[in-house]
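Presented below are the structures under discussion, each in the form of C-alpha cells.
First chain A sits with chain B, and in the next complex the same chain sits with chain C.
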Partner chain A sequence: MVNLDTILQQPVYGTAHAEKTALLADTLRELTLYHDSNCPEYHRILRAFGYTRKRIGAVEDHRDLPFIPVRLFKEYEMRSVSESELFKTMTSSGTTGQQVSKIFLDRQTSSAQSKVLARIMCEYTGKKRLPMIILDTSAVIKNRMMFSARGAGILGFQMLGADRVFALNEDMKLDIAALEAFLEKHSGERIFLFGFTFMIWQHFCKVLRETGERPDLSRGVLVHGGGWKKLADQHISTEAFREELKELCGITDVHDYYGMVEQTGTISMECECGHLHPSTFSDVIIRDSFDFSVCPHGKKGIIQVVSVLPHSYPGHSLLTEDEGVIVGEDDCPCGRKGVYFHVLGRLKNAEIRGCSDTYAEKS
Partner chain B sequence: MLKNPEQIEVLCGKLFDEYGSVFPLPPFSQKVCSFFGSLASLLMKHPQSRNYPDVVAFGFFCRQANIEGLRCRYEGQTENRLGRGISFHIAPSNVPIIFAYSMAVALLAGNACIVRVSSKPFEQIEIVCGCIRELLASSEYSVLADYITLVRYPRSRKINDELSSVCDLRVIWGGDSTVEEVRCSPLPPRSNEITFADRCSAAVFDAEAVLSSKSALAHDFYNDTYLYDQNACSSPRIIYWLGDEDICERAAEHFWGMVHGYLLEKYSVEPVISVDKYTAACRLAIEKDMQVIPMPDQLISRMRVYSLSPDLEKYRCAGGSFIEYFDTSLEALAGLVSPRIQTISYYGKLAEKLRSFVIEHRLNGIDRIVPVGKTADFDTLWDGYDLILQMSRRISVQ
Partner chain C sequence: MNNIEKYNKVFMESLGVTEEQLAGLEYTGVDSWDSVGHMNLIACLEEAFDIMMETDDIIDFSSYEKGKEILAEKYDVAF
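Up next is the complex of A and B:
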C-alpha cells in the first residue's frame, strides 16, 4: 500500500512534470488496485471495461488509468472500507435535482483531507492561523436540512481559522456590527476570509453597495469557490467581481478555488496570475469528449480530476461534468509547478431530439 | 370563452368560434383527401423543404397515391363511420413534425383538429403551417377552414382545461410525464383519449444476412437511430443478434464498422452526451453481467449482455448507446419484452418469424415489426392503435 504520509511530505507546488507524473502514477495505480479489491461496484466497472489487474499494474502514466463518472456517487453508495470503519458520510446537493452525492469517509481519508487542505491554504495565508471571517451564515452548518456542499466546505475551511465570525446572520442578512467588532478586535492582523462566490456577491457585495458600508478588509486574503454559473447568468465576470470587492472593502488578495465534495481536500487554487493550480497531491486532465483522449494544452475538453487522498471510496480518478482547458505546465509566472488551468463552466445540456418527456420541460 | 386567450398564439385557423357547429366528416372524405394531395405538392415545391428531411417525409406521406392507398386499406370498414367531432392534440416539443401527422390522421378520420404544436421555434412548423394557411385561404379548401386550428402556448393547465373541455377526442404525444400532466385536465364524459407513452424499441438482426450487407444498411440504421439522437420511441436501443456466436461477432464487427464510418461524416456527439453514455455503461456494469466492446471513440457505445430482462430498458441512454445480445434462437427475446417495448426492427427475412413469435408467446409488448430504416415511418397503425378506427365513431345499423 502506498504510504500516504510520504507523499504528503512533498512540497505543495514543487513537483514538476516528470516527478509529478511518476509520483501520481505510482500512487494512483495502487489506489486503483486497492479499490478494485475492495469496492464491488468499482470492480465490476473495471472488469466490464476490460481493465484487468495485470493491465492496471502495467500502467506507467496516471493518464492511462481508468476514471469513473462523478455522477455515479449520486446513484450508488460506493465505498472501499467496511461499515465499521466509516467515520462520516459527506453529502452534497447536486445540480441534477434531488440526487445527492454520498461520500463515505474513514478516519484516515478524512484526516488526510484536512491535512492537505491546511497545507494548500498555508501557501496563501501563511503558516500562522489567521482570524477568519466566513462570508456566510452559521445556519448553513447548524441546520441539517441545509447541510450541503456549502456546509461541508465551510466545515472544512473553518478549522483553518484561529478565531471565527460569520458575517451573515441566520436570516442571511449582513451583520455589519459583528463584522466591525471582529475587525476591531483583530486590528492590524491579516484576516482570512472564506465564502462561496455567489453568496459573496449576493449577500455581501450587493448589500455593501446598497448600504454604503465600507469595512476595511485591505489586510484580508479571500478564498472563494463554488463556481461561476450563477454569476455568469447575471453577466458578472471574474474581473467585475474582483473590482467590486476591491472598491467596496479594499480587498485585493482574492483566490478562487476549484474543488468538489467527491475530492475534498485536494482543491485547485487560483494564483496571483489568475490560474488554477492543482497541488502535488492531485491533478487535472482535460479529455476530448470525442474519444476521451487527453487534450493537448490549450484545447478545451471535459475535466478529469485525480487525487491521492480517496482511500475509503473509489473517488481518486473522476470524470466531472465541467469543461476546462489547461493553460500551461510548470511555467506559470507565479512559480508554482505542475499544470495550471481554467474552468469554463458546466457541460452544456444537449438539445436532444426524440419524442418522449417533452411537454413537462420548462417551455 | 378562454380566460387567457392572449397566451395562445394561433398559427392557423381560429379558436372557439362556435365549435358546436362543426360537423364531423366521414373518414377519407374526398375534400380532405384532395387537400392532402395539394398540401403534398405545396410542401414539395416549398423552397425550404429540401433542408428538412422530416418535412419531405411528411409531404411524401400526404401525396395522393399514399392517401389513396390508405383509403383502400380501410375500404369496407368506414362506410358506417364518422369522425368523433373535435380532436385536441398535444404534440411533443422536440420532434417538430409529429403535430402534422397527428392532425393529418385525425382529419382523415373525419375530425376537426386543434393542435398544440411544439413551443420551440422550429422552422419545420413554420413551413407546414404556411402551406396549410395558403390552402385554406383558397376557395377550393375554405370549407375546411373550421377543421384545422394550429396553436402554440406555454405550459398551461388552464388552457389544457379549456381545450379539453370542448373536445370529443384527445391525443397526447410526448411520453409518460406529458400524459400524466395533460390528464389533470378533465375530459367530457363521452370523450376519449389516445396516449403515446414512453416506449422503447429493439432490433433483431440475422447475423448471416448482416455479414453480406452493404452500406445501405448503415444508412437505414442511421435513420432509425442517430437521426433523432436515438431518442425516438421507435429507435432501437437493444440489438438482438441471431446466429452462431462467431458469426454474430463477425457480423457485429462488420455492421458497427460501417455505421461508425457513416457517423464520422454525419454525426457529432455533444460532450454531455459522451459523459451520459459512459455513465450509462458504468451503471449497467454495476448491475448486470456485461462487457463493454471497445470502440475507437464515443460515437457508438456497445455493451454486450448475456441475458435479457425487461429492466434493461432502464439503462437506455440517448445519443448512440446500444445493448447487444447474441443468440442462436429467438427464444430469449421473450425475456426482454414488457408493455414498454414498441417496435422491433429487423434485418434479414425475419418478419413472419417475429410475427408468429409475438402471437405464439402471447407477448404483452411489441406493437410494430418493421424492416431496418422504417422505424420512424408514420402509419395510421401506430403504437398498437388503428388510429383511423380509434378516431372515428361507428354507427350500428340493424
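Up next is the complex of A and C:
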C-alpha cells in the first residue's frame, strides 16, 4: 500500500506531468483495489463495468482507472471501513426534496483532509495562522438547522484562522462594530477572509452597497468557493465580482476555489492568473460527454476529479456534474505545475446543488 | 496555578466537563467537544498559555492526553 504520509511530503504544486502521473497512478490504483476489496457496492459497480482486479492492477495512467458518478453517494451508503471505525459523516448541501450525499469518514481520512487543506491554503495565506474574517452570518454554525455544507465549510477553514469574527450578524446585517473592532485589534496584520461566493455577493457586498459602509480590507486575502451558478444566472462575471470587492472594501488578493464535500481537503485554488490548479494530491480530467473519453486540453467536457485522500469511502475517482476545460499544463505563468482549468458551470439537466443553494429559498 | 491546573481549568470551562471526565477524554467524546467546541478550546488554551499553535497541531489535538503531549513537546509548556 502506498503510504499516504510519503505522498503528503511532496510539494503542493511542484510535480510536473510525468512525475505526477506516476505518483497518482500508483496511489489511485492501490486505492481502487483497496475499495474493491472493502466496499461491496463499489465492487459490484466495478464488475458491472468490466473492471476486474487484474485489469485495474495493470493500469499505468490514472486516467485509465474507473470513475463513478458523484451522485451514487446520494443513492447508496458506500464505505470501506467498519462501522466502529467511523468518525463522522458529512452530508452535501441539498435543499428540501433533494437527496444528500453521505460521506463516511474515519479518523485517518478526516485528519488527512484537514492537513491537506491546511497545506494548500498555506501556499496563499502563509504558514502563520492569520486573523480571520468570515463573510457570512454567525448563525450558520449556531443554528443546527442551517448547519449544512456552508457550516461545515466554514468549520473546515476556520482552523486556519487565529482569531475569528463573522461579518454578518444573525439577521444577515453587517456587524460593522465587530468588524471595525477586529480590524483595529489586528491593525497592520494580514487578514484571512473566507466566504461562499454567492453569500459574499448577495449579502456582504449588498449590505456594503446599501449602507455605504466601506471597511478597509485591503490587507486581506480572500478565499471563496461554492460555485458561480447563481451569479452566472444573474450575469455576474468573475471580473465584476472582483471589481466590486475592490471598490467596496479594497480587497485585491482574491482566490476562488473548486471543491466538494465528496473530496474534502483536495481543493483546486485559483492562482494570480485566474486559473484553477489542482494540488499534487489531486487531479482534474475532462471527459467527453458522449463517450467519456479524455478530452484534449482546450476542449470542454465533464469534470472528473481524483484525490489520494479518500480511504474510508470509495470517492477517490469521481465524475462530477460540472462542465469544465483544461487550459494548459505545467506552463501557467504563476509557476505552479500540473494542469490548470476553468469550471464552466453545471451540466444541463443535472440536479441543482451547491453551497450557494442552501440559502436559496430565503434570498 | 500551575500548568496542569490551568490546562484542566480550560478544558472544564470551555467544554463544560468535570475533572473526573478529563482522563481519556477524546475529541467528539462528549457533545460539547465537536468541531465548534474544538476551536473554542484551542483559542482558550492559546490565551491561557500565551502561545500560537500551528494548524497541524490543532488537527492532531485529538484527546486530553494528546493535547498535553503537544503543548509540552512543541510549545514548552511543562506539566
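Criterion: the second predicted complex is superposed on the first by the 345 of 363 C-alpha atoms of A that agree within 3 Å, B and C clash if a C-alpha of one lies under 4 Å from a C-alpha of the other, contacts with A are read in each partner's own complex, and residues count from 1 in each chain.
In the analysis below, a residue touches a chain if its C-beta (ideal position, glycine included) is under 8 Å from a C-beta of that chain, and two chains touch if they have at least 3 such contacts.
Predicted, not measured: the structure shown is a model, and the values here were computed from it.
J.: Should A:Glu329 be classified as contacting the first partner (chain B), the second (chain C), both, or neither?
T.: After superposition on chain A, A:Glu329 lies in contact with neither partner.
J.: Per the contact definition in the header, classify A:Arg129: touching chain B only (first), chain C only (second), both, or neither.
T.: After superposing on A, A:Arg129 lies in contact with chain C but is clear of chain B.
J.: Of the partners chain B and chain C, which touch A:Leu319 in the superposed model: first, second, both, neither?
T.: Only chain B; A:Leu319 stays clear of chain C.
J.: Looking at A:Asp163 after the superposition, I want to know if it touches chain B, chain C, both of them or none. Which is it: first, second, both, neither?
T.: The second partner, chain C, only.
J.: Applying the document's definition of touch, where does A:Phe49 land relative to chain B and chain C: first, second, both, or neither?
T.: Only chain B; A:Phe49 stays clear of chain C.
J.: Of chain B and chain C, which one touches more residues of chain A?
T.: B
J.: Between chain B (first) and chain C (second), which does A:Glu30 come into contact with in this model arrangement: first, second, both, or neither?
T.: Touch partners of A:Glu30: none, neither chain B nor chain C.
J.: Which partner chains sit in contact with A:Asp175 here, chain B, chain C, both or neither? Use first/second/both/neither.
T.: neither
J.: Which chain A residues come up in both lists, the one for chain B and the one for chain C?
T.: Touching chain B in the first complex and chain C in the second, no residue of chain A appears in both lists.
J.: Which of the residues in chain A end up touching chain B in this complex?
T.: Interface residues on chain A, with respect to chain B: 41, 44-45, 47-50, 68-69, 71-72, 75-76, 289-292, 301-302, 319, 321, 323, 347-363.
J.: Which bits of chain B are touching chain A when the two form their complex?
T.: Counting only chain B, the residues touching chain A are 90, 92-95, 98, 118-120, 154-155, 173-178, 181-182, 196, 198-199, 228-233, 235, 268-275, 278-279, 281-286, 290-292, 294, 296-299, 303, 318-319.
J.: Could you list, by residue number, the parts of chain A that touch chain C in their complex?
T.: 87-88, 107, 111, 114-115, 118, 122, 127-129, 141, 155, 158-160, 162-164
J.: Which residues of chain C touch chain A in their complex?
T.: 28, 35-36, 39, 42-43, 46, 52-56, 58-60, 62
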